[in-house]
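Chain naming follows the written order as A, B, C, D, E and F, and within any one chain the residues start at number 1.
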Amino acid sequence: MIYDFLLKLTGSEIAAGFIQSLLPLFVFILPFALIAVLLERKVSAHMQDRLGPMRVGYHGIFQTVADILKLMQKEDIVTDNSDKALFNIAPVLVFTGSYAAFAAIPFSGAFIGSNIDLGLFFIVAVSGLVVAGILMAGWASNNKYTLLGAMRSAAQVISYEIPTILVIITIVMITGTLNLYTLSELQTGHFWNWMIFGGPSTGLIKVAFIPFMIIGFVIIYISTLAEVNRTPFDIPEAESELVSGYHTEYSGMKFAMFFLAEYANMFAVSAIVAAVFFGGYQSPFGYLGNSLGISWFIPIEQFFWFTFKGIFFVLVQMWLRWTLPRLRVDQLMALCWKYLIPIAFVNLLIVGLITVL
Amino acid sequence: MKTTEEIFNLLKEKFGESIIEFKTGVPVEDFIVVNPFEIDKVCTFLRDTDSYQFNNLMNLSGVDDANGKKITGEQGEVKLEGRTFSLFYHLESMSLKQKVTLAVRMPGENPEVSSVSEIWRSADWHEREAFDMFGIKFLNHPDLRRILMPYDWEAGYPLRKDYKNPEFYQGMKVPY
Amino acid sequence: MREYFNNIWLGLTTVFIGMNVTFKHLFKPAVTIQYPDVKLLLPERERNRLYVNMDDCIGCDQCARACPVSCISIETVKSLPTDDLGKTSNGKKKALWLTKFDIDIAKCCYCQLCVFPCPTECIYMTDVFEFSEYKRENLLYSFVTLTPDEIAEKKNNFEKAEAEKSAQKAAAAAKKAEEQAAPKENKPSAEKPEDKKE
Amino acid sequence: MPVKTEEMILNMGPQHPSTHGVLRLELLLEGEIIKGVKPHIGYLHRCFEKHAEAMTYPQVIPYVDRLDYLSSMYNEFGYVTAVEKLLGIEVPQRVEYIRVIMGELQRIASHLVAIGTYGADLGAFTPFLFAFRDREKILSLFEITCGARLLYNYIWIGGLSHDLHPDFVRLAREFIPYFRPKIKEMNDLLSYNKIFVERTANVGILPPETAINFGVSGPNLRGSGLKWDLRRNDPYSVYDKFDFNIPVGEGRMGTVGDCWDRYFVRILEMEESLKIIEQALDQLPEGDVTSAIPKRVKPPIGQVYARVENPRGELGYFIISDGSVNPFRVKVRAPSFISLSVMDELCRGHMIADVIAILGSIDIVLGEIDR
Amino acid sequence: MPMLTEFGKIFIFLLTAILFVVVAVVAAKLIRPSRPTREKLLTYECGENTEGTPWVKFNIRFYVVALIFLIFDVEVVLLIPWAMVYQSFGFSGYIVGVIFLLLLGLGMAYEWRKGDLEWERPKIVPPVLAEKMNLEKPDQLTPKEISI
Amino acid sequence: MGLLDKQFTDDNIIITKVEDVLNWARLSSLWQMGFGLACCAIEMMATSASHYDFDRFGVIPRPSPRQSDVIIISGTVTLKMAIRIKRLYEQMPDPKYVISMGSCSNCGGPYWEHGYHVLKGVDRVIPVDVYVPGCPPRPEALLEGLLKLQEKIRNESLVKKTA
């Protein structure tokens, strides 16, 4: 565990905790956001027979760096009519909410910010902070677009939390743990031990689990998509209706924070899906470190696999985004309440039945 | 399918004095000149009678006939006296495949005409445009405001032939 | 109930069909033309910046009259019989000094109406489109080949000649005053020599 | 739950990503529900009719281009039809055929923009770019013919400015098999997509009676289920020589006359246009295209109303001539101008997102509305 | 030395995040210009003047969503402890959960039935004009009949 | 009071380097305000579409003026619209740039003579950085205008101009 290593190094728990808390930010989120924004533009471009950023560095690899540097230079506008205190707090809250989720995500066997037993539950709970931030941003801007966007966003995020939790409960019923580290460790070995393939259980039960696990996966993927406001669920920031939704009035660095939070969130939810259904940081084929006998190499491999899986799901998010139109707000609610929740319910009951049998 | 002349004769029978004139000529489309205050009644009749069924108002256009005497004022501005404004109504019956053109003539000083926007909703915006461009007043129009020009445009009606452009609008210089 | 499951089915399948389309395009080569590096070969009829070949221009003003936006302004001075202006490439004789041939390219609407009436085909649209400017004044193109001094000189020459001519004419007119009621009484000093030769 | 909430006025536009230009919609909202829509137009009022009075007849054509800038060819077509009717001149057959080919290509290009931006309005950005990619092919066809990409000044009174480029027929024939699969792709990607269908079906239903009374024409009228196309019902040029269908809204996904129908009529019309182009290319006669152009256009005193089937509907020109070289009055019956006036009726009771769907489905061009 | 709990670590994460945003915004402040004008500080509404305030009594619909969510969320949270341990009680443990879930499902079915899951919106009436309109059926408007 | 508000009187290597980096960032990431007026707007859309691809230059359309750096006035500016354009421009955060695209916004274009409702040149209400001629300009011409604008940004300086 890196924490123990840092503890030895610094001798102070606070310092170790602090350094550890910086790690995901600087080692992971910022580079990830830089890459993901570029990736998004590149993927979308190639899907549309275009090229995407080409002029800043080789194939535009420094595009996002330029974007961030430019956003730093932009004037920060706080309108006269806005509620200035809330207006300034909102980006902090939004970013904090999405960053806190990273505390419980196991990046590899050797690194997990906070190995709490409530892991999954904590992540779901703390993303509520984001809702508060969004509502705050929308309200404080004193702008009709932002307010409508924030309202929609809040309604959407909280609605889609229920199917997420229901699917998580389904997993908890099988594994009996909420701790993401334990959950990942449970799925060790090869890919057939992943939860999507019935998890570590064996025999007929495992086979019986598979269809329900797939249903569960689809539900959780759809609802996490909605929770991070991606197309087809991007109505809160629906460009063609509400200009750009709750962050219409934000400019410069504060806008960059919203942007960063969005991409951090995208990875966070992908990571949850990967950790819950696709073995977290576990390799699908066994470790090179094991076969070569280099034990310190294993966590690095694990980190690689985790990132790989996370980014894969992020890519699917992008793929969906550049394919689909967006839903209307009432259809979005209907999808959640009439389709996802009942199906998740039934799924839960059946999985429970299979486990006890 | 009736020709304009037949329609004119039939209308003349029905409405008498309100139907003023029938105009025809080689490149000129035939049209029927109607009294401006009776146009709504004529149009209702034309739409609702089974043998006409003019259910579509294709076009409604105002025209500044610019036919009066030219009078040069003190500051050199040109005024037209005794001129008229016209409105042309192009009607079509989509079911009977017939077309007819109606026209009304109004005096230049205070052009007023009955609105047909109750009869064909498409007339609503056409009439607003005619008001905006020529200053023709449509009686009984539900919402007679300027439509293309800004609501606070004070320099008159731009498609009149004697229109003069203002120098400034809200602090912006208008001429080149 | 049937509709409920049908909706789910349609929703999933059509999403996958759509994703299939975009996925296929992910690996298709892009159609993008990388402009500053790669330039498209423009067709021969391309209509962009106007160009006037002043060697061929006879100052007939036809283009200016055809222009719907009046962005061409031409001023000419008659040449003296002694001046030799040369011939245009299609054999027309030039008789006018062009003192002003301005095209306000900022106003131009690139409709090509000025090109067709030109008798010497000296005004035409080129395929040059890269001429954006920081200042609008730079978009006023002057095609005149004469220097301001020369222009002044030509004007002066013409005025002199005109003065002589009108003096002669006045004399001639005085002679047959009963027949002709002053065919040309214009005062050359006051009038700008704007000739509209066709 | 009949709890009274306060009404809110929301401005959409003039700067708004999906008002297709500079339209301003004033929405009266109750929560997300629309109580009324007030369109404010005139932000692009470029005084066309005043300009026309100051120009000679041929000089008006560049201005006509700029009315409906998505279908310039067709605007020219309509204008010259009117002027030729006024002059009483016949044009050579080849000219008519080329006009039809250009007009139908323009119709495809225009519908592509309509469909593409409609997708973008509803959140799908990829179809927009696909549509523009294919439109670019058509524009290059126009470009080799007359040298301009958007505003052509190609169709002249009595003829055309240039004859076809020697490569044109070959390239146009190549375009047809290239484009047919793209329509299918568009259907896969957008038309039949469940989300798209949900967004557009049963939204903004326009019954045919209302459509006629409002004067709505073109694909919007056909979307309401009425087989009314001026190319058939009031044939002009050589349209009576071609075999094509008139697609109408059938209510396949919802009710007849909803947004999906209006959208899908445009998809089907692109196929029909391809058919017409194919036939016209086959029948294209030889001849001179400039011989009938009059040197000086000076129509006799009179007036004329001529109309053509623009990609957006019935485009009519009402021209009064006083015998001089300048038209005395030109009035344009702009199809989008009329179609937009129906917005208020269509939107009532819908939600904010539906306003976008309805506005996109009636496919307006502000240049033509404001003139 | 007090042991830093796992929650303590989370707390440090939260602090880091706040710190990061503050540092980033302050750093930007060192660079960015500040040239406020009156128009710049107006609320953005597509270039128009705003009419009325957005801070109005808002649509009840959003509150209903919040209420339903609250009920469901709380009940779903109650499920979590059960989900973790029910296996040790065997089939009876499962049945207990099922009863709870069924009640929840019943509540939801009730809400569905009552129409609370629908977005409350008026019935949309297509704008049919009441006037008499002699319109033939579209199939009668076939091209063959047309003669102009 | 930020760095960009200051005007240094002396020139030194640090300022020049910082300036270069900042200018580079600004010019490589010009977010365009998604906003079209008339015919030129279609060509602007064509420029962002696949064939010409604005995204290659880092230009992406942002719906809100608060997040955009460059406003492309693409089309005829009428008097009614000019007031709104002025406000939208004002509402963009500094540093901001303006490209005037096409004849109409350069000087009224074809409508300069009889256009009673047309503003003859958008530079009467907002300062313009680059004029792109054309009616409408080809997409390449707009790209060339953008390159000109980038060139202009590259030469911007924190150092106070002396005389």
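We take it that a residue touches a chain if its C-beta (ideal position, glycine included) is under 8 Å from a C-beta of that chain, and two chains touch if they have at least 3 such contacts.
Owing to the predicted nature of the structure, the values given are computational and were not obtained by experimental measurement.
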- In contact with subunit A and with subunit F at once: which chains are those? Just list them. C, D, E
- Task: Give me the fewest steps it takes to get from subunit C to subunit E if each step has to go to a chain it touches.
- Result: 2
- For subunit D, which other chain has the most distant CA centre? A
- Check D-F against B-F and say which one is joined by more contacting C-beta pairs. D-F
- Note on the structure: So the chain most remote from subunit E by C-alpha centre is C
- In whole angstrom, what separates the CA-based centres of subunit C and subunit D? 31
- Rounded to the nearest whole Å, what is the centre-to-centre distance of subunit A and subunit D, using the mean of the C-alpha atoms as each centre? 44
- Compute the distance, rounded to whole Å, between the mean C-alpha positions of subunit A and subunit C. 60
- Which whole number of Å gives the spacing of the CA centres of subunit E and subunit F? 37
- Among the residues of subunit C, which ones contact at least 2 other chains? 7, 15, 18, 21-22, 25, 30-32, 34, 68-69, 109-110
- Item | Multi-partner residues of subunit B (each touching 2 or more other chains) | 55, 94, 97, 121, 148-150, 158
- Note on the structure: Among all residues of subunit A, those touching at least two other chains are 45, 47-51, 54, 72-77, 144-145, 239, 243, 248-249, 252, 322-324, 329-330
- subunit A touches which residues of subunit E in the complex? 1-4, 6-10, 12-18, 20-22, 24-25, 27-29, 31-36, 40-46, 50, 53-55, 58-59, 62, 65-66, 68-69, 72-73, 76-77, 79-80, 83-87, 90-91, 93-94, 97-98, 101, 104-105, 108, 112, 117-119, 121
- Note which residues of subunit A are touching subunit F in the complex, please. 41, 45, 48-56, 60, 62-63, 65-70, 72-77, 239, 243-244, 247-252, 255
- Could you please specify the touching residues of subunit F with respect to subunit D in the complex? 33-39, 41-43, 45-46, 49-51, 61, 63, 65, 75-76, 78, 80-81, 84, 88, 110-111, 113-118, 135-136, 138
- Message: Give the list of subunit D residues in touch with subunit C in this complex.
- Response: 55, 58-63, 65, 126, 133, 136, 143-148, 151, 153, 161-162, 165, 185, 188-190, 192-195
- Using the touch definition up top, name the residues of subunit D that touch subunit F in the complex. 14-17, 21-22, 42-47, 50-51, 54, 62-63, 66, 69-70, 113, 128-130, 132-133, 135-136, 139, 149-151, 366-367, 370
